[in-house]
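Common to both upcoming complexes is chain A, partnered first by chain B, then by chain C.
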Partner chain A sequence: MTTMQNMLKNPDANLVLALADDLLMLGHVQGDWTGLGPILEEDIASSSMAQDDLSHALVLYEHLGAHFGIDADVIAYERDIADYRCCDLVTLPDEFDWAVAFVRRWVISHWAAPVLDRLTKSDDQDLAERCLRLRAEQSLHLTYLDDWMHRLGSGPDEGRTRIQTALDTIAEHAGMVMEVPDRDLADIEAFCCGREELFNEWTTAMNVVLEHAGFTMTFPLPALDAFGGRRGTHAPHFHEQHAEMTEVRCADPGATW
Partner chain B sequence: MSGAANPVMTIDPSEEDQDKLAEFESRIADGVLIEPGDWMPQAYRMGMLRMAEHHANSEIVGALPEGEWITRAPSLRRKLALTAKVQDEVGHGQMLYRVSQDLGKSREDMLRDLCTGKTKYHNCFNYPAPSWADIAMVQWLIDGAAIMNQKTLADGAYGPYVRTMHRINMEEAFHFKSGEDMVLTLMSGTKKQKAMTQEAFDRWWGPSVMFFGPHDKPNCENLPPMKWRMKTESNDSLRQRFVNRFAPAALDLGLVIHVCQKDEHGMVTSKTVDEQCRLDETTGNWGVTDPDWDEFFRVIRGNGPCNAHRVALRRFSYEQGAWVRRAIAGGATTLPPAA
Partner chain C sequence: MVSHEGILSAVYATLADIPDPELPCSIVDLGLVEAVDLDAACNVNITLLPTFTGCPALDMIADDVTRLVGALDMVESCTVQWVFAPPWTTDRITDNGRKSLRAHGVTVPEHGPMQPAGDGTTPLRTSAIPCPWCGSANTRLESPFGPTRCRTIQYCDDCQNTFEDMKRLSEE
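Right after this comes the complex of A and B.
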C-alpha cells in the first residue's frame, strides 16, 4: 500500500482532508475573482480571504504530509479525482455571479468555524495547534462576511433579491457539506461530536445572521448514506476545475515549479 | 506612459498667473512637495491627473493577464504568491485612484472611461500570456521595468503620488523577487521548461524594451513634464538602464535575445539572434536593436493583440458588479454604449 493510500484509508485523515480540500477548492474558485471584484476594496478583502483559505489548506496538508510522508503539493495536486474529499458546494460554479460567490463563501466559513473548534480539541496536539491558528483567521472572515450580509440586507430591493436568489441556489447544495467522507465513519459519529449537533450549531449561527438581515435559507441534514463529493463522486464541473488546477503541473510531471 | 496627448504639453502655461507660476516653479526647484490643496498650474493638475489615472488603470488592467493563471499555478506556494501579487496590483490601483480623485475626477468616472476606451493603460498589458513562463516574464521583466520607472517617479514633486510610489515600490520589489525566482526555477528545470521560458522571453523582451515609451523629444529636460518634476528621467535613459540590467542577466540565465516577428495575436512567427545586443566596452552600455515603434503606436491606438479582450473583460467585470455598488453605495453605475 502506498503512503497516499495509507492516508486515504485512515478515517481521521479523511476528516482533516475533507476540511483541507474544501479550503483548497474554496480558495481556488474565490481566488479566481482577484482583480474582477465589484468594488476595489472588496476585491482586495476577498482575495485576502482566498489566500487565507489556500494557506489553511496548505497548513492541513502539511500536517497530513508529516504523518504520512507525502509532500503537501502532491496531496493537493496529484490525487485521483475520486480521492478528493471536498463537498459539492465549494466547487459549485458561480458563473461570475458575485451573489452566488459571496453566499458560497459565507456558508462555508460558517461551517469551517465549528469544525475547527472541534479540531482544536483534538488529541493530536500538532493538529490542534494548527487549527487554533486557522480558527482565529476564519473568525475574521466571519466578521467581515456577516457585516456584508447585514449591509446587503439593509440595502435596496435589487441587492436583496439577488442575495435571496443566491441563498436559494446555495441551499440546494449546502446540506451536502455534512456528507460523511467515508461510509465507515457513520459508526464513529463524524467530526468528534454528534453530526446533528454540528449541523444545528452551523445552521443556527447562520440563521441568526440571516434573520437580522431579513433573508431565509433552510435545508435538511442529509441522510448518512447520501453520497457526493466527499466520497469521491464529484460533479462534472469539479473535473473541469481539477483539470485546470493541475494543467501546468501535469504538463511536465516531476518538474520543479 | 502612453495614450492621447498629455495635457501638460498642450495647455499653454502663459495663460496662468505668472507670479503664482514663478512661485510654484521655485518651490519645485527647491525640492518642496506639491500637495493637493496647493496652487498649481492647470496644465500641471491635468497632467498629474492623467498620469495617476493612467497608472491606476494600468494596475487594474495589469491584474488581468496574471489573474488568468491563478487557477493554474502549479504549486500551492506559487498559487498563493500569484494571488497575493495580483491582489497587490488591485491595491496599487485603489491607491492611485485615490490620488487621482484628489485631483478632481471621481473613481466612477475613471472606471467608466477605462471601460469605454476613453482612457488608456500601459501598452505592455495588450500582449498575450499564453504559458506559465509568461507569468514569470511579466513579474521579472515588466515588474523590473516598472520598478526602474517608478523609482524615478518617487523623486517627483507631487506629494500624494510620490508617497504612493514609495509604498508601491516596496511591494513591486517582492513581485520582482518572485518573478526572478520563477525564471531561475524554470531555467534550472527540464528541457521543456527551458524551451517554454525562452518562448515567453521572446514574447516579452520587445514589449519590455518598449516599456519606457518612444525616444524623447529634443530638450526634454526643459519641457514641463520634467521641469515640473512630474517625471525625473528621460525615456531613453531609463530604457538604456533597463537593457544594461536585464540583457546580461538574461544571457547569464542561458536565454537568447532575439529580434522577433509576431503575428496579430502577438505570437512569434520568426526570430533571429539580436546581433546588436552586446556590451560596448567604451560606454559601458549594452546595445539592443531598436524596438519596432510602428508596433508600439499600433498597439497604443487599440490594435494590439489583446486590447479588445482586456477592455472587454474590465467592462464585463464593471457591469457585473454594478448592482453590488448600487446596493452598498447607491449612485449611477451604468455605462454608456461601447466606444
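Right after this comes the complex of A and C.
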C-alpha cells in the first residue's frame, strides 16, 4: 500500500481528513465573498474566517503528513477526487445569496466545534495540541456567527425571512455532514466517536441559538450507510470547486511563491 | 572562545530586536519565543509559538530569526520550530510590549484567568475597553475581525478615534 492509502485506510485519519477537507473547501468557496460582503465588517470577517479555515486545514494536513510521511500540499491538492472526505454541503452553491453562505458556514462551524473537542482528547499528543489551538480560534468564529444569528432574529422581516429560507435550504443538505467517511470501515468506529452522540451535541447547540433567535431547522441523522461526498461520491459542484482550487497546482506542479 | 551563556545572551539580544512584521512589538515582547536550545557544536534551535495559526507573518518571522541568529559569528546554524503547546495567549505579552502596543493604539487584555466559556464559546470582549488615546471607557466593539487575525477594531465615542484590541483566546 502507498503511504496515501495507509492514511486513507486509517479510521482516525478519516475523521481528521473529514474536518480538514471541510475547512479547506469551505475556506476556498468562502473566498469568493472577499470584496462582496454585505457590509465592510462582514466582508473582513468572512475573508478572515476563510483565511482561518485554510490555515486550520493546513495544521491538520501537516499533522497527517508527519504521521504518514506525505507532504501536506500533496494531501491537500493531489489526492484522487474520490479520496476527498469533505461533505458536499461545504461546496453547495450559494448563488451569492449571503444568507445561504452565512448559514452554510454557521452549520459547519457548529459541527467543527464538537469534533475538535473530541480530537483534543486524542491519545495522539500532537493532534490534541493542534486541535486545542484550532478549537480556540474556531470559537471566535462561533461567537461571531451566533451573534449574527441573534441580530438577524431580532431584526426586520426581510432578514428573518431570508435566513429562515436559507435554513430550510441548508437543512436539506445538512445531514450529509454526518456521513461516515470511510468506505471500508462503515461501522460506528469509523467516526471515532458515537455518531448519535455527536449528532445530538451538534444539533442541540444549533437549536439553542435558533430557538433564541426565533428560527427553526430540523433534519434527521442519515443512515449509517448513507453515501455521498465523505465517501468520495461528490456532487458536480465539488468537482467544479476542486478543479478551480487545484488549477495552479496542476498547471505548474511544485510552484512556489 | 565564547561561553555557552555568552552565545545564548547574544541570541536573545538578537531576538529582542526582531519586530513582529505587523505589530510595533518585538517577537520576544509578544511572547512568541518559547525556548532557545544550543548544542555543543553551536547549532541553535529556536522554538516559537504562533499567535494565530492563520497569521501570514509566521513565515517572515521564521525567516528573520534563522537569518539574523544564523548570521551571529559564534552560531554554526539556526533552525526554527513552531509548536502549539503551550498555546500562545495575550498573557505572554510583556509589560514592555503592552506599553509599546498601547502607544500605537493597540490595547491588550489584562493578565489573569480567562472567563470560563461554559457554552463552549469564547466571548469577544465587548465591554468597554479604556481608550488608549483618551482613556475614556465610552468605547464599543466596531468589528470583531480587524486588520490581522489577532486584533479587533474598537471605537471611542468620546474622542471619536478607532483603536485595536488584541483578541483573547480561551485557555484550558
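As a working rule, the second predicted complex is superposed on the first by the 243 of 257 C-alpha atoms of A that agree within 3 Å, B and C clash if a C-alpha of one lies under 4 Å from a C-alpha of the other, contacts with A are read in each partner's own complex, and residues count from 1 in each chain.
Basically, a residue touches a chain if its C-beta (ideal position, glycine included) is under 8 Å from a C-beta of that chain, and two chains touch if they have at least 3 such contacts.
Computed from a predicted structure; not experimentally measured.
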* Asked: Should A:A205 be classified as contacting the first partner (chain B), the second (chain C), both, or neither?
  -> second
* **Chain touching more of chain A, residue-wise (chain B, chain C)** => B
* To do: With the two complexes superposed on chain A, say which partner A:D146 touches: chain B (first), chain C (second), both, or neither.
  => second
* Have a look at where A:Q51 lands relative to chain B and chain C in the superposition and call it first, second, both or neither. => both
* Examine A:M245 and indicate which partner it touches, taking first as chain B and second as chain C; both and neither are also allowed. => first
* To do: Considering only the touch criterion stated at the top, classify A:E41 as touching first (chain B), second (chain C), both, or neither.
  => both
* Structure fact -> Intersected contact list for chain A, partners chain B and chain C 40-41, 44, 48, 51, 54-55, 58
* To do: Mind listing the chain C positions that touch chain A in their complex?
  => 50, 52-54, 83-85, 87, 117, 119-124, 142-146, 149, 167, 169-172
* To do: Flag every residue of chain B that touches chain A in the complex, lowest number first.
  => 60, 63-64, 67, 70-80, 83-84, 86-87, 89-91, 93-94, 97, 132, 185, 188-190, 192-193, 313, 316-317, 320-330
* Once bound in the complex, which stretches of chain A touch chain B? -> 24, 27-28, 31-32, 34-44, 47-48, 50-51, 54-55, 57-58, 61, 72-73, 76-77, 96-98, 151-152, 155-156, 158-160, 162, 241, 244-245, 247-249, 251-252, 254-257
* Which part of chain A faces chain C closely enough to touch in the complex? -> 40-41, 44-45, 48-49, 51-52, 54-56, 58-59, 113, 117, 120, 129-130, 132-137, 139-140, 142-144, 146-147, 205, 208
